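What follows are several structures.
Common to both upcoming complexes is chain A, partnered first by chain B, then by chain C.
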Partner chain A sequence: MLTFLGRRILTAIPTIILISIFVFSLQHLLPGDPILVMAGEERDPEVIAALREKYRFNDPVPMQYLAWAGNALQGDLGISLRTQQPVLELIGEKLPVTIQLAVMALIIAILIGIPAGVLSAYKKGTWIDWVANITALSGLSVPNFWLGIMLILLVSVKLGWLPASGYVPLTEDPLQSIRVMIMPAFVLGTAIAATLMRHTRSAMLSVLKSDYVRTARAKGLQERVVLVKHALRNALVPVVTVITLLFGELLAGAVLTEQIFTIPGFGKLVVDAVFNRDYAVVQGIVLCTGIAFIFMNILADAAYRILNPRMSQQ
Partner chain B sequence: MTAVVDPQVAADPLPPRRRNRAWEKFRRSPSALLGGVIVLFFLIVALLAPVLPVPGPAETDWGAVRKAPTWAHPFGTDEIGRDVLSRMIWGAQASLLAGVVSVLIAVFLGMPLGMLAGYMRGWTDAVISRFTEALLAAPFLILAIALAAFLGPSLTNAMIAIGLSAMPVFIRLARAQTLIVMTEDYVESARAVGIGHVGMIGRYILPNIVPPIIVQSTLTIATAVIAEASLSFLGLGQQPPAPSWGAMLNTAKNFLDQAPWMALYPGVAIFLVVLGFNLLGDGLRDALDPRDH
Partner chain C sequence: MHMLKTLGLAALLATTSSLAQAQDLKIGLQEDPDVLDPDQSRTFVGRIVYASLCDKLVDITPELEIIPMLAREWEWNADGTELTMKLQEGVTFHDGEPFNAEAVAANIDRSQNFELSRRKSEVQSITGTEVIDEHTIKFTLSAPDATLLAQFADRAGMMVSPKAAGEAGESFGLNPVCAGPFKFKERIQQDRIVLEKFDDYYRADEINFDTVTFLPIPDTTVRLANLRAGDLDMLERLAATDLSSAEADDGIKVEKATSLGYQGITINVANGAGAENPLGQNAAVRKALSLAIDRNALNQVVFEGAFATGNQPFSPTSPWYNPDFTVPERDVEAAKALLAEAGFPDGVTVEIQVANNPVQTQVMQVIQSMASEAGIKIELAAKEFATLLADQSAGDYTASQVGWSGRVDPDGNIHQFMTTEGGINDSKYSDPEMDRLLDEARLSTDPAVRKESYSAAIAKQQEDMPIVYLYHPVWIWALDKDIKGFEPYPDGMIRLHGVSIEE
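Take a look at the complex of A and B:
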């Protein structure tokens, strides 16, 4: 396993370098001198000179990249123009909010998606399967920001049951925190639930056809035991991998969800950064999500190997 | 975000008999036909926008600000008295244009790169594959947001951003498909008789790649329509006053209390178009899947 992980991490290095080149090149897409943009509206000549020195802007582009990447490797992703905070610190501040949203969304998605997938596969061809499939396809087709708006309209504006926006840290008041976050988490969770349902269904369908399920049934085991202990356990192997890979989808969904429910997380940070022309923050976020995504991929591979011992013997 | 077509799908170019069977299968699937009808409906509406008997999308009626649906304004009016139905019809143009153009960008950049990687293998393949992985590592919307931020917000830049973000799926699909074709006996024989690169690609590889690319394109248009709506919703796509469904929703969320219809219809429209392309894509995939024959 360790050799496998070591090899996977080594092969990830060129990809990470490419991502960093891409993120670095973004600033060269800006019209005009990036340093003037970085220096903000005041354009203090001293600040400009310091930035030019720091980012080696008088050197050729490859040297500039090396300087930038060297800083990034030491955790220096630049300073936010708006808040004057280091970008990494800013990301670290907002990340727990988004993680809470994503974890709650994932729990909701698992609670809906996996049972629905199992039931749909077990009742294949019946109206239950049909309803589950239509619901899943609708879940994939509905824009989640619109679902959020409609839920605010119904649950907050018309019924007054839940707050439409805001955020309470989990450490401050756990119950209130969950109450505020439940609607956004549901919005984010539904699209993921649809994807999970489809994967669970197809994995269950192939497992239910297998010999060992037939043997388990022939032994006279209860159908519930066959379904949960024999079929679902095996069907969950690919599903767990899919869950790890849904990270990107969760993050992208969080950007929109946080915008609608005014949650001060990672997603809101990137959108605000775009509008405030806080380019260092945008670059930092793309770099961090890219690297995180690569590690999630490695984690997915590792999870697959742990859950599927035949793979690790190869 | 995007459903990925199984590279095994349609590994052979479709001979006429198979093509007929594929069409038969497609025709018999009610959901695929429903998808086709929905897509066609919105296409026609978008194309006929200039001649349909509705007020102009930018025409304001200050006497009818935020009016609920009536005969004169079947979908109501918005915060400055513009007809919501008219803006939705014109918004269909932006949505479909963004969906189709961004996927065309993705296909025309991704397919040659994928074919090149699968055909040349070795170093070319390694470089293209690493490049694809790097592009895949940034989540679709984050990449699109970053590009829109640096290129500046506009519908054109949103389309470029969405196209670039969708490209890796096509590189991977074309590469996988090319690798499959290259192991076929008839390709080996063709190589043995000395057919050149252009002949190989044109006669053997391209026809095999097109069916799964069509399926993937249909499914990706669905994703691209949502992506354009999302970017416009965030203010990074179509710029006001030009109509777009995502931007309409962005404004509508500030008037949920007073004018809920402003939020209802554009969302339903996005949902229907995306559902249409998803149904159509699923139907095409089933019809073109050789394993079912």
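Take a look at the complex of A and C:
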């Protein structure tokens, strides 16, 4: 297992370097000039010249990249052009927020998606299956931003049950933190739950048809044991792959959800940074997201091996 | 488990008891401010935070008169090249450092010479500062500068602690130290900026809050929802379309002030190849476009009539407005006649770029439909703002729907746009007579003389029309009904002196 993990981590390094080169060059292809944005409404030519010099915008792009990469290797991802805050510090500030949102959303998605998938596979063709499918379809079709605004209007404005937006750190006030986060996590989670439900359902359907399930039933095992212990465990292998892939979707969905609920996380940071052409911040975030994504994939591969020990022997 | 319960209970008690004692004011902002250093900062919302954090040398009244703040009185010498200010005594910065003439001199030096300063052009007329005594400072100017006091009423006049600024350098904005009613406590980017009452503030008796928290909430619907839910006490820039619903809400009251800024269509008249088209080459076509627009209808359709129509850099309520040219009524026939006279009887086609947000896009769609009736076919190019700005600055555009947030002194709304060397003259409009009039207006401190120059400049602008002015935004604040003492200002700032919550 350890050699496996070590090998996977080593092969990830070139990918990370490629990601950073891509993002750096793509940003410079974006129309719009960060210095013009930074110079303010007056756009004083003297100020513009000073800023260009200061932030090395006069250097050729490859030189700018090398300077950035050199600093990044020493753990310095630069500063935000907009607020002067170090990028690494910003990421450290925002990462826990988005992770909390993503984890809560994932928990909600798993709690809804997997049981619903199992149930609708087991009750295939009945009204339960239909209701689950229609709900899943609407979960997929309803846009995040619409559901978010509707929930704010209903739950916060009309009923006054939950705060409409904002963020409280988990360490400061755990209860309030979860209260604030539950609505956005729900909005983000439902879309994922639908995908998860569909995949669990089809995986369960194929597993339920297999010989060993028939054998298990023939042995006289309780239906619950057959379903959960025998069928679901095997059906979960493809579902875990989906969950890993959904992690990317979660991060993408977090961008929108964080905008609506004004959650100061990664997504909001990246959107604001793109609009302000805050290159160092965009670069830092994409790099971190890339690393996180690769890490999730490595974890998924490790999880397969735990769920299905035969895979490690190959 | 037991431990957890106890902790939870303690936390609950702590929050409820702190609620009972500390008076906190929560203000919803439309954007997250940029760096909190008055010399580096560039955003409007940043200035809203400064109104509570950093006192200025002078302030304005809602009628735009300059009044004392950190400078208690001042006088000009006869030819307007020397300004002597007497400063408030007994004022300290948030770090305990004294505010005095030395500190003012250091601040001017920082605005002029700090590598990252965005204030350089605002204080460029100052050639020297002289500390007369502890609380008297004299500024020597290269030439008379009527705009200087107004600059001192904004970021260039905000005093930061020279000691803190010297120590922090570029990163001063991460922990700003000023001399305002509140001191900086913490900031979580895109989430909140918290200020706490500065006990040694020289006007502490006017301040009724222990903390003030600024929460950036860009979505106007969510911002209003937060106010309704009681999570905010006040918000700035309520959407005009939400005005009637907010006014109908018993728990909310609404305050308004016509802004100092404007929105218009800047036309490329000589900025490279983009100017080579009927609109750029022919003032008659520009005037036809202006006449084709029903500004009242535009205001009604997009802003429910809440904004102010306009046709000049100053709003019709401003003392600098030239009443000889009132906001024109729509006249499609006259517009067609102008086009025919200019040699375009079959009409013209022009491309206008617009920021890709819903409101500005709607503004341009209304204008597009109005103009088409007069034979001006508008093709809209929706661009993200940073791109629009870069294209406009590079001359890579025909016409651009943009605006200006406005300045206290009239000079700030016109000089930089209409003079040949103006830094933001993206039209590249150039006229020696206009240059002379606007330079003259800058040199005199006599309002009557200035008014005459501005009136003549506006007459000229109506003739050449490098910018077609459309409307003046109105600042709309929505407040919890228990907030007392709030006064709306045309600069859009939130001044907390004398504001309180009374239940």
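By definition in this document, the second predicted complex is superposed on the first by the 275 of 314 C-alpha atoms of A that agree within 3 Å, B and C clash if a C-alpha of one lies under 4 Å from a C-alpha of the other, contacts with A are read in each partner's own complex, and residues count from 1 in each chain.
Everything that follows uses one rule, which is that contacts are C-beta pairs under 8 Å (C-beta built on N, C-alpha and C of every residue); 3 or more make two chains touch, one makes a residue touch a chain.
Just so you know, these numbers come straight off a predicted model, no measurement behind them.
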Point to revise | First (chain B), second (chain C), both or neither touched by A:F275 | key: both
Exercise for review: Return first, second, both or neither, reflecting whether A:I260 touches chain B, chain C, both chains, or no partner chain.
Suggested key: both
Check your understanding: So, A:P96: does it touch chain B (first), chain C (second), both, or neither?
Key -> neither
Check your understanding: When the two structures are overlaid on chain A, which partner does A:P115 contact: first (chain B), second (chain C), both, or neither?
Key -> neither
Check your understanding: Now for A:L153: first (chain B), second (chain C), both, or neither, which partner does it touch?
Key -> both
Exercise for review: Considering only touches as defined above, state whether A:D44 meets chain B (first), chain C (second), both or neither.
Suggested key: second
Review point. Taking the contacts chain A makes with chain B in one complex and with chain C in the other, which residues are shared?
Key: 149, 152-153, 157, 259-260, 275
Review point. Tell me, which parts of chain A touch chain B in their complex?
Key: 14-15, 18-19, 22, 26-27, 29-30, 137-138, 140-143, 145-147, 149-150, 152-153, 157, 247-249, 251-252, 255-256, 259-260, 270-271, 273-275, 279, 282-283, 285-286, 289-291, 293-294, 297
Revision key, fill the gap. The residues of chain B that touch chain A in their complex are 1, 130-131, 133-143, 145-151, 222, 226, 229-230, 233-236, 246, 249, 252-253, 256-257, 260, 263-264, 266-267, 270-271, 274-275, 278-279, 282
Practice item. Provide the residue numbers of chain A that touch chain C in the complex, in ascending order. Key: 31-34, 36-47, 50-51, 54, 80, 82-85, 90, 93-94, 149, 152-153, 156-157, 160, 163-167, 173-176, 259-262, 264, 268-269, 272, 275-277
Revision key, fill the gap. Touching chain A in the complex, chain C uses residues 8, 11-12, 15, 32, 34-37, 40-43, 115-118, 120-122, 170-171, 173-174, 188-192, 215-219, 221-222, 225-226, 228-231, 383-387, 389-391, 393, 404-405, 416, 423-424
